[in-house]
Amino acid sequence: MNSIKWLSIILITFVIIAGIAVPMVPQPQSFFEFPDIPGLGNTARIIFFHVPVAWVSVLGFLVSLYYGLKYLRTKEYDDDIKSVSAAGLGMLFCLLATMTGSLWAKFTWGSFWNWDPRETSILILLLIYGAYFALRSALGSNEVRARLSAVYAILAGLTAPFFIFIMPRIIGGLHPGAKEDASGSTPITQLHMPLNMLFVFFSGLIGFTLLFIWLLNVRIRTLRMEHRLLMKDY
Amino acid sequence: MYEFLGQNQLYIVLFVILIIWIGIVLYLIRLDKKIGRLEKQLGKD
Amino acid sequence: MNSLLCIWAVAVKDVRSELRVRYALNALLMFVVTSIAVLVIALGDSGLNPEIMSALFWIVILFSAMSGLSRIFVSEEERGTTLVLQLVASPSAVYFGKLIFNCGLTLVLSSAVSLLYVIAFPAFIIRSGAVFLCTVFLGSLGFASASTMIAAIIAKAQAKNTLYTVLAFPVIAPLLITVIHTTALSIQGGTWGETVPQFQIMIGYLCVVVGFSSIMFDFVWKD
């Protein structure tokens, strides 16, 4: 566990430094230069942060779905704790992705919010998980809450990939990778990025995933202790 | 140094983000240690 | 055969108790009449573009449905008959019976709204009648199925009404967007060919929601 924590710190620090400090030039000569995309310029650096954060958010929702299913099978309170923690982190990272995306939208397309299909679907996803937490707070903390949130976590976790991966692709829009995008599919799936950028990008992906694992671990331990104190199990 | 930063403002962004990030990391490490201590306490009894 | 009878029995029971008290029916119809009256007063004769008319149409249906559909399980809790229902019928029977009841209610509601809209707004001329009818039908079924599942989930919670709206809206939103878009198209005279992707979404939505609910209802219903 400790190695995960240190590795995530190192990787993310590396991505921050490399993602920002490496210069962008029209014709990259060495390994330490990124190609300059006309029209995007330095704002393209956001891809190193915005995409991993969005990815971790999906990861969180999927983990929440998994533990929701597990809870329905085993009825172990610990699985409910894991499901809730993952959902909370998914929500946090989704908010971060939305905020970073909105900021980028302001500088690229002119306004903070455009009702682009991807933006709209992310908003609906945020509402779905907001509803998840509203549901949990409206039920007392007991087996009923765990059971019902597990069912909802499964429902929400199934819709998350739909909203993030499928819906923005079937309706045309502004965000890169939409149906009528001239540059085709997203720069990631087609690996249009040169090797050095890919290297930084994947470090970011792994680094943020490890960060997610660390945060999840801390959150689960906290909730477990809370539960033990509640049950007077000490 | 100020001249250099005035020209390459991107580095100011870099330092700001690094400061924020390191702050968050230090807080996380402190939190983690605190939880570890509490767990040990609860575990003993 | 036995389970089909069971399902039918649950649906009929709900219809009977509803007709006895007519609480939900009255509330819904009053809501519909009031909202449309407000719209007529506010808009008058100004011909609005199809998108707005379509959106308003579905908003009236949506909010009336929300006020009425959530009661389906809450009424059981309030009257204390949940336990009896759990003992007497299998969870699937309860689910499908209530689903049929909700679908029926929503269809009645949307027909009423459609009729009133055509009467109240001379500008509401629908060029592709078949597409419109199909959209309203599928949309109503979609609302009803999503609402049934969510109603089951919140039956045991506090602050039921707000919670229901909060939970229902994001789940229904994709259906709502599709249905509004298709209705706008049908007003303008869209053909079947143009609206095929939308209908795919509507039917897909129905299948996913009903499929998911029928599997998960067991867990929500039983203690």
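In order of appearance the chains are A, B and C, and numbering begins at 1 in each one.
Methods note: contacts are C-beta pairs under 8 Å (C-beta built on N, C-alpha and C of every residue); 3 or more make two chains touch, one makes a residue touch a chain.
Model, not experiment: these values are computed from the prediction.
Novice: Which chain has its C-alpha centre closest to the mean of all protein C-alpha atoms shown?
Specialist: Closest chain centre to the overall C-alpha centroid: A.
Novice: Could you pull out the chain whose C-alpha mean position is farthest off from that of subunit B?
Specialist: Greatest centre separation from subunit B goes to chain C.
Novice: Which whole number of Å gives the spacing of the CA centres of subunit A and subunit C?
Specialist: Centre separation, subunit A to subunit C: 33 Å.
Novice: Cα centroid separation between subunit B and subunit C, in whole Å?
Specialist: Whole-Å distance between the two chain centres: 50.
Novice: As a quick test, compute the distance in whole Å between the mean CA positions of subunit A and subunit B.
Specialist: Centre separation, subunit A to subunit B: 20 Å.
Novice: Could you pull out the residues of subunit A that touch at least 2 other chains?
Specialist: In subunit A, nothing touches at least two other chains.
Novice: Can you tell me which positions in subunit A touch subunit C when the two form their complex?
Specialist: Spelled out, the residues of subunit A in touch with subunit C are 72, 124-125, 127-128, 130-131, 134-135, 138-139, 144, 147-148, 150-152, 154-155, 158-159, 167, 170.
Novice: In their complex, what parts of subunit B are in touch with subunit A?
Specialist: Contact set of subunit B toward subunit A: 10-11, 13-14, 17-18, 21, 25, 28-29, 31-32, 35, 38-39, 42, 45.
Novice: What residues on subunit C touch subunit A, complex-wise?
Specialist: Against subunit A, subunit C makes touches at 149, 153-154, 156-159, 163, 166-167, 169-171, 173-174, 197, 212, 216, 219-220, 223.
Novice: Where on subunit A is subunit B touching in the complex?
Specialist: Listed in rising order, the residues are 5, 9, 12-13, 16-17, 20-21, 42, 214-215, 218, 221-222, 225, 228-229, 234.
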